[in-house]
Amino acid sequence: MPTTLTKLNAATSADFVTALGGIFEHSPWIAEAAAARRPFLNVTALFAAMTAALRAAPPDRQLALIAGHPELGVKLADLTAHSTAEQSSAGLDRLSQAEYERFRLLNQSYREIFGFPFIVCVRRHTKDSILREGERRLANKPGDERAIALEEICRIAALRLDAVVEAPERLAVHGRLSTHVLDTYHGRPAAGVAVTLMEICSLAEPRTIARAVTDANGRTAQPLIAGRPVPMGRYELRFDVGAYFAVQNVALADPAFLDVVPIRFGIADAEANYHVPLVVTPWSYSTYRGS
Amino acid sequence: MPTTLTKLNAATSADFVTALGGIFEHSPWIAEAAAARRPFLNVTALFAAMTAALRAAPPDRQLALIAGHPELGVKLADLTAHSTAEQSSAGLDRLSQAEYERFRLLNQSYREIFGFPFIVCVRRHTKDSILREGERRLANKPGDERAIALEEICRIAALRLDAVVEAPERLAVHGRLSTHVLDTYHGRPAAGVAVTLMEICSLAEPRTIARAVTDANGRTAQPLIAGRPVPMGRYELRFDVGAYFAVQNVALADPAFLDVVPIRFGIADAEANYHVPLVVTPWSYSTYRGS
Amino acid sequence: MPTTLTKLNAATSADFVTALGGIFEHSPWIAEAAAARRPFLNVTALFAAMTAALRAAPPDRQLALIAGHPELGVKLADLTAHSTAEQSSAGLDRLSQAEYERFRLLNQSYREIFGFPFIVCVRRHTKDSILREGERRLANKPGDERAIALEEICRIAALRLDAVVEAPERLAVHGRLSTHVLDTYHGRPAAGVAVTLMEICSLAEPRTIARAVTDANGRTAQPLIAGRPVPMGRYELRFDVGAYFAVQNVALADPAFLDVVPIRFGIADAEANYHVPLVVTPWSYSTYRGS
Amino acid sequence: MPTTLTKLNAATSADFVTALGGIFEHSPWIAEAAAARRPFLNVTALFAAMTAALRAAPPDRQLALIAGHPELGVKLADLTAHSTAEQSSAGLDRLSQAEYERFRLLNQSYREIFGFPFIVCVRRHTKDSILREGERRLANKPGDERAIALEEICRIAALRLDAVVEAPERLAVHGRLSTHVLDTYHGRPAAGVAVTLMEICSLAEPRTIARAVTDANGRTAQPLIAGRPVPMGRYELRFDVGAYFAVQNVALADPAFLDVVPIRFGIADAEANYHVPLVVTPWSYSTYRGS
């Protein structure tokens, strides 16, 4: 459960390391180094102390950190709580057989080439984009790839620290995915439209990410994705406009010209805002990347 | 192979019946009755003579005609050539297991209630709408349902006669489904966009109906469906706009915001014109029922 | 200049009446009646006391209040400061000759029929809608029209009191007119687009109401109209998209297909929110009533 | 009145020159030269003979042809019938005072610089684009400008010959401006919508070019401009959608959100097809350059 900077500043070194030892995978020595530099004015300063410790460490210690990461998409008994949550949020714990094979091959090829596991900040990706990213990185030079692995580790750490320490500021930049539905038959926001967000998977069935119903403003109470990076990948939004217009007593053809409206789109920038509205009548619709 | 009215007017009665004996399923007596009324000025007059013979026949003969129809979606060894073509055009020869079960149940329930097979003009329907239509008609009164069966038989016959006799006029009213793609990034028709039309099936995977590529006017060389009724049901058009814009050297995000754009719509009127255009940029699109 | 409820509660009766004597036109007796009922918990209570005094007054006193209002659109030497500001905000001080004639005729006909001046809450209307409203009301029964005049006087008073007393709550319901511009050529908000809002006048040239330039979010820093009712009437928004795309180095035809995009729309509900966005490329645009 | 190539081939030389002497302004010698080369297989061959005569003529004779053209926008007593029709079609016979002044200045400056009148194929231009074109050409070198004048003279001649000789082929490339209106409230073409096409003039009021009412297909019986080049310039289409929806018994606000919808656009290519549709509900619309 989350703690605060005040408590961390006041804690014993042992308690400090208990709280933050897992921010860097299996590497409590980074938290230990930071504990000695207390007090911290804010979480940014705390994180800076941790990454400074990482960068100051000798190469073999950095390599041990890299090597300590689990493989992605491969069920391991001893996954840390952080890793479990991360992999599960991307659906890596529920791979289709075809996906599992691709992940296994990627992990194996990567380890053969670089000698350490493939590391990526999972929360910025979908399954598809992890595979694409991994396959792209197979072509990198070993030295470059080591630097990239450390960078990804810092991204992972920032998100973990954000989750563990309650603070007014956020270390990781977030993105946002939101929608709204405008009914231009009646000239008002469409309230009560069921919206489903699905992740499109190359090697598996679409995966439901979020469900919501539009409110009186035609918006969902919460953005579909917020407070985190928006996983890069491909998505489909489904708007149940047939049911909506039927409830409004609009006479519809049978079957209705428009029933479930699917909008497929890609997210390429995990830290950006994507607003994907639907402007709809029983006979037409439009969508666009809004803001 | 098609014949002409001139040939039919000049043929022996036997040849006439050979040519048109199958217009009404297993009922050459209707062609025989029409043969005696030659010559016909046009196909409309020929068809009128055939339907007059049907309507003038005693009820048990009409009932035998109805009873002579095959069940839908159930492979029979002795299907007539007409029935085979009709059922195949609606995909009834390639049902999923779940569809097969629904068709079997429908046929069985229908026959138990009415004592004759369920008849519908298959070329006006998709698999889904045949099932819906059948299940709706189970609630009809026996007398009404007999009249409906005869009406459907005449619709089937009109389409068969259109196919068999080359003539300037058409007995059956046709519908049309067409599309075009406008590229409002460049302000011109989008040429070279791959378009796929799929039938959406409740109990099976989507079924590809047509493929086309847009020409210099952003249109397909032929309408996606024309020269026949547009089968009632639900469809999805898929436009490969990501590939199109890539070919145009438009810089796209990776993954592109828009790649394959799906448009789902329903056809409720088999004899109407449906134009479903796509107006698109790399970041937006709209569609509507056009004309 | 604005005062506060605290000051008004503490003021002498004379000062109280000095501050609020003009809330009801030429009728300080209403403020006097309210002064005696102090202290007020909030502005709503103060306003309730004033309208109660109005309603409790004998008919001839009410009539005197009605009769004390100036005619609209007719320059009078002795207009109160409140009336001057109200009439000027609707452009009644700068009428075209044709408008002046219509206002003169309306005032004259109204006074002939009802025996008192035509009163309407000017801040809820444009010139055109004042004329339409007046001409509609000529058909009313005298008793009804007197009640309507008192109702309009209370609407005027609420807006005046909102302006005079600084308070967290507002007596009058406000509306809002806003816009934003989305560039679906680039897939981002259109920043730096010059926007002009004009009132469309039946009997005069369009009148510029507001000018703004869109910011990085494609929005104007302030809504085009806010913090007041949106005057009912007809408007035109003009978006200078030709200049915008030229600045973005988009190659345009000469003349550009789209240069200044005008959007004409009507406001029928002065207390509603109207959002009128522009979704635009160099070759297309759409707009709708948004929220 | 139009003639035919057959008649021209058979005519006396004198009659031939009477018919075609005015194709090149005040220069019957070109028709005379062509007369000697008869018969012509088609109008293209006839026109080729005339332009060959022009190009083969000595420079002073070409210059005399150029010099024989009237000034634009300046009322002359002795304008040829062709010139009168051309100038009138562009509204040059009804200039505002400000336009007249600009044309006078342009003509004067042009003649001072080049020694001959400013010539442009008027049917490809609006008043505004003639002025812009003229002012642009003032910067040309005298030799280049002489070649341009001859080119414009050939464009004028091609359009004149198309008008005078009935033939299956056209010498001049035409453009087209068309529209259609789709009602996405009802999902059908909007029939009965009044459409007005206006030319936008920098120095005068908008000028009505065409009026039409949409038919059952939402189209106008004829394109708004066809069978000729589309004059380059700026236009406004006005669609009376408020009246249309009122006739359809759609409940509208008062004033309606959308009443007369104006669409402003520019034509840069006189020989292209411009389709400018309106897709509209009572609360939204979109337009685009279609095909």
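The chains carry the letters A, B, C and D, assigned in the order they are written, with residues numbered from 1 in each.
In the analysis below, a residue touches a chain if its C-beta (ideal position, glycine included) is under 8 Å from a C-beta of that chain, and two chains touch if they have at least 3 such contacts.
Worth saying up front: this structure is predicted, and the values here are computed from it rather than measured.
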Relative to chain B, chain with the most remote C-alpha centre: C
Chain C against chain A, contact positions shared by both copies (same if over half, else different): same
Chain B and chain D: spacing of chain centres that average the CA atoms, whole Å: 48
Length of the line joining the C-alpha centres of chain A and chain D, rounded to whole Å: 59
Numbers and ranges of chain B residues touching at least 2 other chains: 184, 187, 257, 279, 283-284, 286, 288-289
Category of the chain touch graph - line, ring, star, complete, other: complete
For the chain A and chain C complex, residues of the former touching the latter: 182, 184, 187-189, 217-218, 279, 286, 288-291
Footprint of chain A on chain D - complex, ascending: 184-187, 257, 279, 281-284, 286
Residues of chain C that touch chain D when the two form their complex: 129, 232-234, 253-262, 264-269, 279, 283-289
